[in-house]
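What follows is a single structure, written as structure tokens, with notes after it.
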């Protein structure tokens, strides 16, 4: 099998696993982990776009100029993207800390219910109370440690 | 590129180490086991990066091994520190 | 129900990725820009590491914007975390091994970080990587002895000065009719420490900025009260 | 080189799945650091030492540090002797 096919499989696999984690997870921290995986896969994919077999690193060592060098442009892009990624990760984690502090839960369903309630309260809308209304909303379960 | 016998043996040993440590990482059973497996993998990878520098016959890859070796220690310390602070 | 829709979405995504993968022309790229840069960078910029040439020479303005994004993310993180409460209980002090190890490791990390920054135009590395190492180096004593005060004023000062000097070095090229961030000074001998003109200076500014930003963010995260 | 790349990719994807499946966040963080480790080796294999060094610095040092601090403060960090 070709090396390039294996590498592309790794990149696409990381992207798929990352999106699956974002879609399927209910825990906020797990979603942040999945964002990290997705970002890693995207970086690898960007770097593979200009892969050539047998190229050497784009660095001149000891005045020896290699015949075929890898493309430095995506490398420069990915280099900065990784550093920005860690900044985004830190921001996401601090937001998760604030959510935990304010609402005491990291479960996405509970967070969504609380958000809707707060929006209703702020807008002065009564929750629907007609006879045909669906059953009242369950109170937000205060789970703090959840699975995938 | 062609590998010399020595490089082949070194890479085979490193791959064996990676396989065994990954098995421990995936099987567990306790989180501490997985943490130690991750640390072992970091050490093996540092050696593997130096081996890759030898295979590619280019000394610039040694810098990567240097950075990985120094910072893997910090990561493990962060794991251990958070554990230590939690255990009253 | 939500799980089912999610699984359906993922199935479609998997089929899409498989289709893209099948029809993609693998390894058939001809990097025109990359080859042109590889051919010309040694004369035009004078850095032995062509990635450095691209990051600071050909795409210096993008790097400035990326520093801005990082600054925005770090500032927003600090704002979201807020001021720690005064009565917050700090973590207990670390054991003997970590305290001694942190004391021994701090100078080593400092030297490695400065080496990576200063040799950014010769070997792999540069301001971003060295800055991360510097941030970790300055945070390690704080990890060993929580409660040690870290001067946020000094961190902000270094950060501001580094960012300003990046822009000032870029502006210095403009009075002579050249574009913003054109590399200045003598190109020097390719592969020697004092070469590539003003690129090492720019990388020092980047390293100090990234390092102080991330160190400040880590310190603020560490000062936040634990929830249990 | 093919077999080496294949092994690294398999290790990386297996730990990426483990990040999502492991219940304990300490174990998930260990698996996450292994993902970035495999990625760093892959970056060396595609001849990008600069990117590999960045990934090593972020993945091994700063990322673990950030997640460890945040998880500790979120109260998700439970040290257990068994289980």
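Which chain is which? They are A, B, C and D, in the order written, and residues in each are numbered from 1.
Quick note on the criterion: contacts are C-beta pairs under 8 Å (C-beta built on N, C-alpha and C of every residue); 3 or more make two chains touch, one makes a residue touch a chain.
Here the structure is a predicted model, which is why all the values come from computation and not from measurement.
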Problem set entry | Partner chains that chain B and chain C have in common | A, D
Problem set entry | Separation of chain B from chain D, taking each centre as the mean of its C-alpha atoms, in whole Å | 11
Problem set entry | Centre-to-centre distance between chain D and chain C (centres being mean Cα positions), rounded to whole Å | 19
Exercise. When the centre of a chain is set as the mean of its C-alpha atoms, what distance in Å lies between chain A and chain B?
Worked result: 25
Problem set entry | Multi-partner residues of chain B (at least 2 other chains) | 56, 60-61, 63-64, 67, 71, 74, 78, 81, 85
Exercise. In chain A, what residues contact two or more other chains?
Worked result: 2, 9, 20, 24, 51, 56-59, 61, 70, 75-76, 79, 83, 86, 90, 93-94, 97, 100
Exercise. What parts of chain C, by residue number, touch at least two of the other chains?
Worked result: 49, 51, 116, 123-125, 128-129, 132-133, 136, 143, 214, 221, 224, 227
For this session: Draw the chains as points, connect those that touch, then say whether the picture is a line, ring, star, complete or other.
Result: complete
For this session: Please give the residue numbers of chain B that touch chain C in the complex, ascending.
Result: 60-61, 63-64, 66-67, 70-71, 73-74, 77-78, 80-81, 84-85
Problem set entry | Of all residues in chain D, those that touch chain B in their complex | 1, 3-4, 7-8, 11, 14-15, 18, 22, 24, 26-27, 29-31, 33-34, 37, 40-41, 44-45, 47, 49, 52-53, 56-57, 60-65, 68-69, 71-72, 77-83
For this session: Going by the contact rule at the top, pick out the chain C residues touching chain B in the complex.
Result: 91-92, 94-95, 98, 101, 105, 108-109, 112, 116, 123-125, 129, 133, 136, 140, 143
Exercise. Inside the complex, what are the residues of chain B that reach chain D?
Worked result: 1, 11, 15, 18-19, 22, 25-26, 28-31, 34-35, 37-38, 41-42, 45, 48-49, 52, 56, 60-61, 63-64, 67-68, 71-72, 74-75, 78-79, 81-83, 85-87
For this session: Please give the residue numbers of chain C that touch chain D in the complex, ascending.
Result: 49, 51, 116, 124-126, 128-129, 132-133, 135-136, 139, 143, 214, 218, 221-222, 224-228
